[in-house]
Amino acid sequence: MYIVASLAIVMTMCLALTRALLGPTVYDRVLAVNMFGTKTVLLLAVVAFLNGRTDFLDLALAYALINFIGVLAVLVFFQSSRERAAGKPGEQR
Amino acid sequence: MEILGLYNYWVFGALLMIGFFALIARQNLVKKLLGLSIFQSAVFLLYISLAKVEGGTAPIILDPTAAEIFSNPLPQVLILTAIVVGISTTALGLAIVVRIREAYDTIEDDEIRRLDRRS
Amino acid sequence: MSLEAHIPALPVIVPLLAAPIAAYLRPRHLAWAAATLASIASFAIAVLLALATRDGSIHRYAMGGWPAPFGIELAIDSLGALVLLIITGASTLAIIAGRETIERDIEPHRQPLFYAAWLMVVAGLAGIAITGDAFNVFVFMEISSLATYVVIAAGSDRQALTAVFKYLIMGTIGATFYLIGVGFVYMMTGTLNFADMQARLADIPYVAPVHLAAAFIIVGLALKAAVFPLHAWLPNAYAHAPHAVTAFIAACSTKVTILVLLRFDFVVFMGNIAEHATQFALFVMPLALLGILFGSGVAIFETNVKRLLGYSSIAQLGYILLGASFVDRAGLLASVLHIFNHALAKGALFLAIVALGHHLTRFEIRDLHGIGRRMPWTLGAFSIAALSLVGVPGTAGFISKWYLIVAAFGQGSLGLVLVGVIVASSLMAVVYLWRILEPAWFAAADPVAAGAADDKRVGEAPVGVLAVVLLAAALNVWFGLVPAFPLELAGHAADELLRHVP
Amino acid sequence: MAIVLDALSWAMLVGGALFVLIGGIGALRMPDFFTRMHASSLTDSLGPMLVLGGLALQSGWSLETVKVLAILLFLLITGPTATYALGHAASVAGLKGGTREYRASDPREPRA
Amino acid sequence: MSVATAVWIPLAGALLIALTGRWPNVRETITILTAITLAAFVYSVGVEVTAGGRPTAMLGELLPGVSIGFKVEPLGLMFGTIASGLWIVASLYSIGYMRGNKEHHQTRFYVCFAIAIAAALGIAFSANLLTLFLFYEILTISTYPLVAHKGDAKTIAAARVYLGILLATSIGLFLPAIIWTYHAAGTLDFVQGGILAGAVSGPALGFLLALYVFGVGKAAVMPVHRWLPAAMVAPTPVSALLHAVAVVKAGVFTIVKVIVYTFGIDHLFAEPSSAWLTYAAAFTIIAASIVALRQTNLKRMLAYSTIGQLSYVVLAAAILKPLSEIGAAVHIVAHAFGKITLFFAAGAIYTASKKTELHELAGIARRMPWTMTAFTIGALSMIGVPPTAGFVSKWYILAGAFQSDNYFAIFTIIVSTVLNAAYFLPVIFLAWLQPEQTPQKKDHGEAPLFIVVALTTTALLTLGLFFFNQPLIDLEAQVVGRGER
Amino acid sequence: MNRPANSPPTARRRSARYWLRMSATLLLFMAVWLVWSGYMKPLLVSLGLLSCCIVILLSTRMGDLEEETGWLGVLPRLPAYWLWLAREVVISNFTVARIILSPRLVLDPVMVTLEADAQDPFGQAVLGNSITLTPGTLTVGVETGRLRVHCLTQAGAEELLRGDMNRRVAALTRR
Amino acid sequence: MIVVFSLFLLSLLVVTAIAIVRSENLFSAVMLSGIFSLLMALNFFILDAADVALTEAAVGAGVSTVLLLGALALTPTEERRRKRERKVAATLVTVTMIFLAISYASFDQPRIGDPDAPVHRHVAPWYLEQTPELIDIPNVVTAVLGSFRGYDTLGEVYVVLTAGIGVLFLLSAGRPGLLPHRREPRIESSLKSHLIPHVVGRVLIPFIVLFGLYVQFHGEYGPGGGFQAGAIIAAGIILFALLEGEGAALKVLPPRVLVGLAIGGALLYLLVGVACMLLGGNFLDYSVLAADPVTGQQIGIILIELGVGLAVTGTLLSIFHAFAAREQ
């Protein structure tokens, strides 16, 4: 059963990767990356059970906490590049 | 199955060469750095693949009396170090790229070369 | 345990201890002082080690107290001690001589960081020279490389940045190739210790991975050592680095990589791969010859003095490899000796450039016109070092060239061709150095040259700098007349390397 | 009891996997960015809930369970936040797709 | 005292000269005193050597089996004596010339001159090839600033040719030859009878010989002679140094020494592959003479004359007979005395009248009788007319050639003698018998006293060697290990 | 790690409420640590205590314990809300799944503006996230109490505007 | 069955790598490299390298994305591609040849997972056998990392420190101060105006830091250790900087403190080694730190891991601030 779950998750990862490759906008790619991240967390958890080493759930936990930072960094990046493009930095508070 | 046991090596080779290709054939400096990190990741994969023992598990011995098979800890240690080296190199490379951008206003290798020739 | 037992570990520990401290020290003069002291201390240790290995003994030190294949072992033989001597010596001289120019070229608040990076270079290179563990080499190679990128990027023009980026890419490729090679050898032997690898590689049924490993390691190290045709990063990196850095790096950094190359090839592969000696010779010798001719040839047409000397280094590396490619005692002896003597000559040349750098901002040949009238002592030292580079008798360069040609004669009928190449390259060296020296001594200062300062202010470099430069030149003469010490070390190094070749 | 729990956990695992997969398919099938985000939120909500819930049941009442639930909690907190960040960025950038503004007096479906 | 003192004396002199550069009189006094001290020292060594002693001094081992060291034997003693003795004369002359022409950088001149002398003595007394090579290179480098003394673009270009050829041949050919020898024989010491017997033979020997002969560029065997005419841009005392005192003498000395002590004349004689040397030397003699015939500039003519005369020595050495070796040694001395006289005369003419071209010399003997008398003696010595030194050496060379039935060499010597006469006699004729051209560049008399004294001395030496040659012959007979005549 | 000179000015005199909050947080962190760790060795527990103190210190410096973020007080009321939310999530998941799997994608995306009942930022954040968590609705902007919500279908928008979730969140985060 | 996974994930890795190289938008490439890193971590995990996977997670998902974006903010994001077919073709040929060589050699290499491969027969078994006895901690990776090959790890710390010094050195050019600082009030991007991320992020930060510390101190028992911990803690504080603005983060941990952490960590490690020397052991021989060698080893490992953690946190944060401070 773990296998089924993990296979489904891996399939979803493939789909997400396809989306990341297809784009078409950068937002789609970020979305795909985000999806990929959460799927990684799930897969790590499932595989930890599959291998019988549940003490490795720490890894999944780490991902759950950190993956989010990457996406927020992207947001800041978008915002700052927009500010730069607008030529009026800091205006958009 | 015998052949599949070598698949990791092939992926290692493929990744290595993809990274290498980006390093050589791409002009953008950030792209080169991305290529560099793929290049290094390939080596990580090689070492970690070496460490795997069939039916084994991560080398964390919670119960020394249980007769478990453990994967090889040594390559993992080496790669921990190598990952750190990789991120350090990338960080330094990015810093240089930022400075290059400030000095040349471009991060395309061929344009930089053209600017250098002109001066 | 007395302190004496720990001496093998100290060349690395001392700079590693001083580096972070230097980074945090204020004011900047303290940082310089700390770096200089650490450098001098390392040099003293290196001298002790060199004296200790004069009898051909190998000094081992088990890091963490763990025995060899399990823990990391330091193994200092005469080759390592010799290279260690070069590293620490070059660092000491360059950092003393370079103080004023660094003070001038780098903003005050960045100087402590610069000196910290400098010490990291020393520590990294020293770590490579003394370790007996293949992976440990990689770690210290990266410390030294990263730190080298930093100190080179301190160069004052923007081309320093592009040069250093290129170096970073090439250097990382080289180091990664090395790592792959080590991985393959590890895959086949299960160990990382050089000596252990050699012992275990003998009974391996499959050779293709080992061949591949040898290829990766040789190419990777050649890339880092700027062996022709993988030299592309070197000339610009030398040309645009701060002068003191060039003096330091040019004297030792590629040599250390060559040391690893020799260790790996002779200790690990030669004894185990059938015909590796032949392959090594067939592969390395043409490259060495081409490198000699190419480096010298390009140098003849180069107009920037520092880049010119960089190309000359490529040629000189060719000599070192050529000696090694003979795979006999005479060749290795010549090779190791040339590692030492080329470091002396190139180091002295670039130290003289540090001194000249007090008044010159650019180093096109025409910027040096007539500098001999204003800075006769400096240029005198430069000239002596140049003679040493050419291999004029009475200088250190002569000794190694002598041994190299003797070794070449030992190669039978091929020897004459080799001698021809060596001689031709020496003559080319005369030409490219002459292109600098003649106008420097005799020509009138070029008024168009933007780099030349106006006449009134130009005089000799400060006494301290001048003293270092003259010392370096004097060393070239000293070791040209009394070469017993490096000869002894080189002899033992050659024996030690050949011990593993059947 | 144990069998029931076991069966339930298997069911949850498989169901979760199914939802994750459907979300993935949706992310590929949907026509524009915002609608894709809706699909992906499928994989961020019920999918993890079921999968991790199944795992939690599997592991009985132990520290692992708590850890699994902690993961789930963090996922459920960070997931929507990340989605929000992305959606906000896209809408500020003017990405529209086929979206129209809602009008309360829509004749087709009178408000209750 | 160790024979190494012979090198240290001029070096110390150089240092003192450098330190006292600010006071010209002190500086020049030191120069002269050093020269005299050196000559006295060499004389003391000479007494020992003549008595059969071989004073030796080893400074330290440079390479295994090869030391930096000195060992005086007759050939070297002879060269050392010429160099040290003529240094006194040349110094006197230099003082007159440099002051007379108000040259700049005089301190540098004297310092380099002293270093060059030190190097020459080092070459003369060297115990092995490596030491010889070391001083050979020092000689090249220390004379470079002398050649480039004037410092203008043309001079520097010429000096570049000088240094380029000498350095290139020495590094490119001489050094490999030495290393080859070392590789083959395992030693580089100068040993009676040579060290290469049994080590190198056949065509390789001829090739090695070629490396030596052309590697020693200072011997100016064609085609590596180009540096010598180029170096004519130097001031006359320097030309004297180059042509008579040190440089070219060092070249031919090295060749003779290598042939005698490294190859061994018997070993070389037995090898047909060494025969080419005779032809090369002969070609150089004839060709240089013909070129000299076509020169219009006095110093250039003398330069080509030197090239020819040097090849006499090479030819003599190449005949490979004891008598001819003695002849070679004596010719070194004879040519030194003769050629230095000629150059001193040329310099004197320049100093007094600023004349350099041959056709300007018409009737000059009337204004400068001393000078031209000396010039005539020197020229006759070059041709080989008795009672001059040149006759003695040619006699021995011919005797050697007859001994080995080398008719080609005999023929060459005869033809070249005619050619020598053909380019020297017109000059003498012109100077003594032709009327003076008008208008004169400058109204002048004899050159300064220092110069006249110097050239008179050397002219007398040229004559003297004809009459008192026996000690020299006896000494050089030791070289080939025989007392016979 | 910490120097008094660099501390924010408020660090000098702390209110009683601060200490209360701090102890509560410390307890929470310690509990979390023990759950994660699972080792009861004295060394590890004391290291855990040390870690919690470090985190508290950092939190203080970041100003976490100064403001009324208020999420500590919400904890007791949370489970009930979660249960309700879980039900909503399941329902909407099925709805969206049906849409995705239908051969013809029947889509009618609309953008609505929702007035949040909850007044404090925390409540609004919870509301926003709850909306996003239920597939079919997606918060894309929060400004001055108004939420911009993207809905997959008109029906979803209607459902949202009915305000059930809005009310519950307001009740949850009310003090 | 796990093999199939492995094959699948590995293939995805290759696809992603190709996509990164082909992508002309650098931003997309960075996003894809995030995916690459996730896949890498999964592969490591499946290949039993939990520690490495955790490191890759901490570095790849958190730090390196942030750094790359920080750099991209200062550079153009579109790659200008010109037609250079000859170079591309030549490179492709070379690359293919090397690939073929590697593949050819692979047939002589031991199969992945083969328990009889030399790597599993020689040094590694000794580590697995001796660790419980000599060091007595469950995680053999940490034992090897901290003690058996502690010298390498010392080098690793210095590599990080060197990179940190280098980045500070490079990016402080032309402006005063150890870390480049700007005039107040500073103009910067932050997420203060974004309510939801702000609130959620602030709640999460203490947990991230706490988790980092947990990883730090449980390196002996499970996957983790100083480096991973340092990266996670740094990520937590970077999150604070993203939320509240970089200046606020600098107020919480001022530059001197950060650099002090980096340097102090490295020195701590080194000084533990020196202390061992002074106490009569070899460099980094922790056995002499306590009366009982095993306890000594444990104390030593905890101390050096702490050094690693401090150094990595300090360095990564310094690097982050250096990038963030470098405005155009």
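By letter and in written order, the chains are A, B, C, D, E, F and G; residue numbering begins at 1 in each of them.
The working rule: contacts are C-beta pairs under 8 Å (C-beta built on N, C-alpha and C of every residue); 3 or more make two chains touch, one makes a residue touch a chain.
No experiment lies behind these values; they were computed from the predicted model shown.
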Minimal path length between chain B and chain G through chains that touch? 1
The pair out of C-G and F-G sharing more C-beta contacts is C-G
So what's the Cα centroid distance for chain B and chain D, whole Å? 33
When the centre of a chain is set as the mean of its C-alpha atoms, what distance in Å lies between chain A and chain C? 46
Please tell me the distance, in whole Å, between the geometric centres of chain C and chain E computed from their C-alpha atoms. 44
Compute the distance, rounded to whole Å, between the mean C-alpha positions of chain A and chain G. 18
Which residues belonging to chain C are in contact with no fewer than two other chains? 135, 139, 142, 146, 149-150, 153, 186-187, 192
Identify all positions of chain A at which a residue touches two or more other chains, and write them in rising order. 7, 13-14, 30, 32, 51, 53, 55-56, 58, 61, 65, 67-68, 72, 74-75, 79
Note the residues in chain B that touch 2 or more other chains, in rising order. 16, 20, 50, 57-58, 60, 62, 74-75, 78, 81, 85, 88-89, 92, 96-97, 99
Would you mind writing out the residues of chain D in touch with chain F in their complex? 19, 22-23, 25-26, 29-32, 34-35, 37-39, 41-42, 44-46, 49, 63, 66-67, 70, 76-77, 79-81, 83-84, 87-88, 90-92, 97-102, 104, 106, 108-109, 111-112
Which residues of chain B touch chain G in the complex? 1-2, 4-22, 24-28, 30-31, 34-35, 37-38, 41, 44-45, 48-62, 64, 69-81, 83-85, 87-92, 94-99, 101-102, 106-108, 110
Of all residues in chain D, those that touch chain A in their complex: 10, 13-14, 16-18, 20-21, 23-25, 27-28, 33, 36-37, 40, 43-44, 47-48, 51-52, 54-55, 58-59, 64, 67-68, 70-71, 74-75, 78-79, 81-83, 85-86, 88-90, 92-93, 95
Taking the touch rule as given, give the residues of chain G at its contact with chain D in the complex, in rising order. 191, 194, 196-197, 200-201, 203-204, 207
Within their complex, state which residues of chain G touch chain B. 3, 6-7, 10-11, 13-14, 17-18, 20-21, 26, 29-30, 33, 36, 40, 43-44, 47-52, 55-56, 59, 63-64, 67-68, 70-72, 74-76, 79-82, 84, 87-88, 91-92, 94-96, 98-99, 102-103, 106-107, 109, 111-115, 117, 119-120, 123-124, 127-128, 131-132, 138-141, 143-145, 149, 152-153, 155-156, 159-160, 162-164, 166-167, 170-171, 173, 221-223, 225, 227, 312, 319, 322-323, 326, 328
